[in-house]
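Chain nomenclature is as follows: A, B and C, assigned in order of appearance, with residue numbering initiated at 1 for each chain independently.
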Amino acid sequence: MNSSSRRHLVAGGLSILLGLSTIMPAVAQDMIRFGTALSLTGNLATEGKLVREGYDFFVKTVNERGGIDVAGKKYKVEIVYYDDESNVNTSVKLYEKLISEDKVKFLLGPYGSGITIAVSNLTEQHKLPLVIAHGAASTIYNRGYKYIFGVLNSIDDYTYNMVKMASEQKLTRLALLNENQLFAQLGIDGAARQAKELGVEVVYKEKYSSGTKDLSPELEKMKAAKPDMIIAGGYTNDMILLARQISQVGLKPKLLGYLLGPTLPGFVKSLGADAELTLEPVQWSINVPYKDQFFDWTARGYADAFQKVYGHVPDYHPIQSTAALQVYYNAFQKVGGFDPQKVRDAIAATDIVTAYGPIRFNDKGQNIAKSMSVVQIQDGKPAVVYPADVAETKLKLNP
Amino acid sequence: MTASALLARWANGPWAGSLRSAAIAAVLMAILMVLPPFLSLYWLRLLTSVLMLAVIAQGMNAMAGFVGYPAFGNVVFFGIGAYGTALAIAAGFGMAPALLVGAVPAATLALAVGPLLLRLRGHYFAIATLGLNEVVSALAANLSGLTGGAAGLSLPLGAGTASDAAQRAYFGFVALFAASLALGIFLRDSRFGYGCRAIRSNEEAAEATGVATLRVKSIAWMLSALLTAVAGGLYARWVGFIEPSLVFDMAISVKAFVMFLLGGAGTVFGPLIGSLLIESATTLAWSHLLKLHLLVLGVTIMLVVLVLPDGAQGFVARHWPTVRAWWRPRS
Amino acid sequence: MQLVAQIVLNGVLLGGFYACMALGFSIVWGVMNMVNLAYGSMIMVGAYVTQLAVLHVGLPLAIALPMAALATFMLGYALQRGLLNRLAERSVFMTLIFTFGLNMALINLNLLLFSADVRSLPDVFGRASFTIAGLSVPYSRATIFAVAMAMTLGLHALLNWTPLGNAIKATSFDPDAARLSGIDVPHVYALTFAIGGAIAGVTGALVATSYSFSPFAGESYTMKAFVVVVLGGLGSIPGAIIGGILLGVVENLASLFLDSGYRDAVGFALLLVVLVLRPRGLMGRRFFAEVKG
């Protein structure tokens, strides 16, 4: 044939191949597919990596055992991942892709509360279940949605323990400061409410603009209010500055707590002595006394098995991811099938114990069976100090 | 008279350019109207996004492309539109009145600050509009009683299935896009538009020849604000959740700026072309070059600037004589 | 009263940092009419180089800082000579989006090389501070202020007392006349951008010691620099100092007396007021504001 028609043939062939490659197979007969968008690049990429490790660890564990046994047949699992770069619009777009193009019916939440709210609008409209492992804002769960379920404690629980610690330690003057963004604002507002309930006086409560380079005005105002405990919320960038400036300004609270920060890599390294004795509420620690009813793990057992695969001890991110998949695991077995509506109903009736903790949802989709603990940085390492039944060591106050 | 003679007269009369563009726009609209059944919801969403950005880019084009004033902070109108509409919907208003609640404050703001800020030029005007955006954004983030503050606003889900909601959003943006094309044709071909372009080439000379520069600039900004605000309102309904950092994000304006420049400043279809180019490039880079997509996009933009200084349409015009003869761009 | 004085002093110290940062932005804009949207990312490069030098090679900060400046100097020279000089005849808008694309590329490079982790150098200066007139001054902030002032003086000296400075000024006023008098204009542009880069590098070193940084953190620095330059007036080095200090003080006072959430907004409101009342900035020279805008 001549060169022109050969070219056409090649072009035609390539187009067909290209077309075929974009069609994902419908749910394969012996494969269960989950889908999620993660922050694999972007400014939350470090957390995103931990999140993914937790999901992958579940997949590996289950597939090594031959798959999930549903109604007598074994199904292997796989997860379709997309990177949303922590961007709301991108994330929603990618979930639409998962649902409409990749035909995934079982979705896992993205990372971050704002993104989760937007994504949940989509999944709710599609009437598909969304199990959330990394979105704690209460505003996700108070909209009366029927298809969203969060395995983690929501934001109100973040601060409750710390405020309780204050009242137990007879600290009566609480100062609150947060970055002006969703998660931190909700957290600190919650702390203020809880302080009122527990009889601790809030002597200072303000928010600061993201990216502020000098928090001394806020801290001077705070110092004038003579707090004996400070709880602050924001992202890591600001928390490092805050920790430095608190000591520079001469504030010496008996207890200093952050919504997040101390357990992320870089915090202790960057701050050295200024990080000592800071508190952080954690969703999970290696000491929680739960034994997984599916995989024979204790919390420590999970951590050991995880470390063998990924070379580092997991913080709460990976196991949260794993727990989300365990919710589906349990639901599939209870239903004996994969009808999304039935799976959704089974998830709503979840009542299980995992190495992450017990999971039971209220009618808003929040996990009300689990509680959080509080760690304190002692000698540069986080140690659980509260509540008493899981504490590794005693709480130390600043002199 | 024969059809071809009629066509010839139509194609060469005084309104030829506008009619031609309107015809192209009509064909585009027709295609857009019939597309939905052929697209999965994902592609529909992508297309809706392209249209939304094309509208915002047209708003930028109105100020920066036609009048020559780079309103980098134009996203402030997007945010005002989003919040106004969201609050109105939450209060029970229907969609159309809710859009008005978003659009009217935006237009009013443009008219109110216009006289003050439009005295600045170039980079100064740009940073002033960014400042305006920052101030309004801070108000949205701090007046929590009204706007929900940093926690944002959630809208109740729209009625119907996911497909219904997607189509409503799509056709809303198609209609808005049509309006943006009409605005483009108006700015390109009307006397008002001549005034704009006169200001862009030489404002002092325009003033001297009797163009009421402040009035023209203010009206152009108001129109730009209206368009952008309605886009914001539709967006709020579409996504169902807004927060200050999302809808007052400077990156939206800057992206829109890049889009209309690459597509062709001061043209009717430039924003759409730019939007298609950037969105396809972004989606492609995302799917295939995960860790490098920002790099690829950045390099692409740099290359385009180096190789296509007049944007895509300028490139086409310079290199394809037949196309140029048919297109006959107004300079 | 003591409290207000302390806050004002902190604002002045912060403002020194802002001024130092703004200089690099200002010189490039003033001479080449280019608003460099990649400026913040260049600051980040300086921060990463400093961190590498201090933590991985073990150099003291006093050596790491000039190293960072040198690295960004070379980066700046290469960028201008290799890429940006080709844009000399393009429209201002096109140059803007070119630097926008450059910024994206630099962010991705930083991401690839250093990951998204937030980093900071362990406290180099400690919590120590000294007291002046009853007000406390942390060593870290005082050092930053001193470095900023030193750079400002250095830049002033360079521009006014050296042949290179004359060449830069001449080129900025009239590139064609400069070319005719034998000045190698592309080289001068490249050097100017390189100097801007070096200043960014020093700023980055300071950022690494006192704040934290990540590939995406550069944006806010670009914006701040933009604001300070416009506030103080383009083409004026004293203007950058005054603008920076004024911004720092106003921001701190706003945080003190108003809701702290309005901090940035007040800075921008100040900018708007200055622009409306005095479009060329506080100390801007007429010529620059009109021709270079």
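Heads up, the rule we're going with is that contacts are C-beta pairs under 8 Å (C-beta built on N, C-alpha and C of every residue); 3 or more make two chains touch, one makes a residue touch a chain.
Quick caveat: nothing in here was measured; it's all calculated off a predicted structure.
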Comparison of A-B and A-C by number of C-beta pairs in contact, larger one: A-C
Chain of greatest Cα-centre distance to subunit B: A
Subunit B and subunit C, separation of their C-alpha mean positions in angstrom: 32
Separation of mean Cα positions, subunit C and subunit A [Å, integer]: 37
Residues of subunit B touching at least two other chains: 138, 141-142, 291, 293-294
Multi-chain contact sites of subunit C, meaning residues that touch two or more partners: 111, 259, 261-262, 264-265
Multi-partner residues of subunit A (each touching 2 or more other chains): 41, 180, 207, 209
Partner subunit A, residues of subunit C touching it in the complex: 3, 6-7, 10-11, 14, 17, 111, 115-123, 127, 129, 136, 138, 140, 210-217, 220, 248, 251-253, 255-256, 259-265
In the complex with subunit B, residue positions of subunit C that touch it: 29, 35, 83, 86-87, 90-98, 100-109, 111-112, 223, 226-227, 230, 259, 261-262, 264-265, 268-269, 271-272, 275-276, 279, 289-290, 293
Residues of subunit A defined as touching subunit C within the complex: 41-46, 180, 206-209, 211-214, 216-218, 220-221, 224, 236-237, 240-241, 244, 247-248, 250, 264-266, 269-272, 274
Residue numbers on subunit B that touch subunit A, as the complex places them: 40-42, 45-46, 49, 138, 141-142, 144, 149-152, 154, 156-158, 161-162, 165, 239-241, 243, 245-246, 286, 290-291, 293-294
Of all residues in subunit A, those that touch subunit B in their complex: 40-41, 83, 88-90, 92-93, 96-97, 99-101, 114, 117-118, 121-122, 124-127, 137, 139, 143, 180-182, 184-186, 207, 209-210
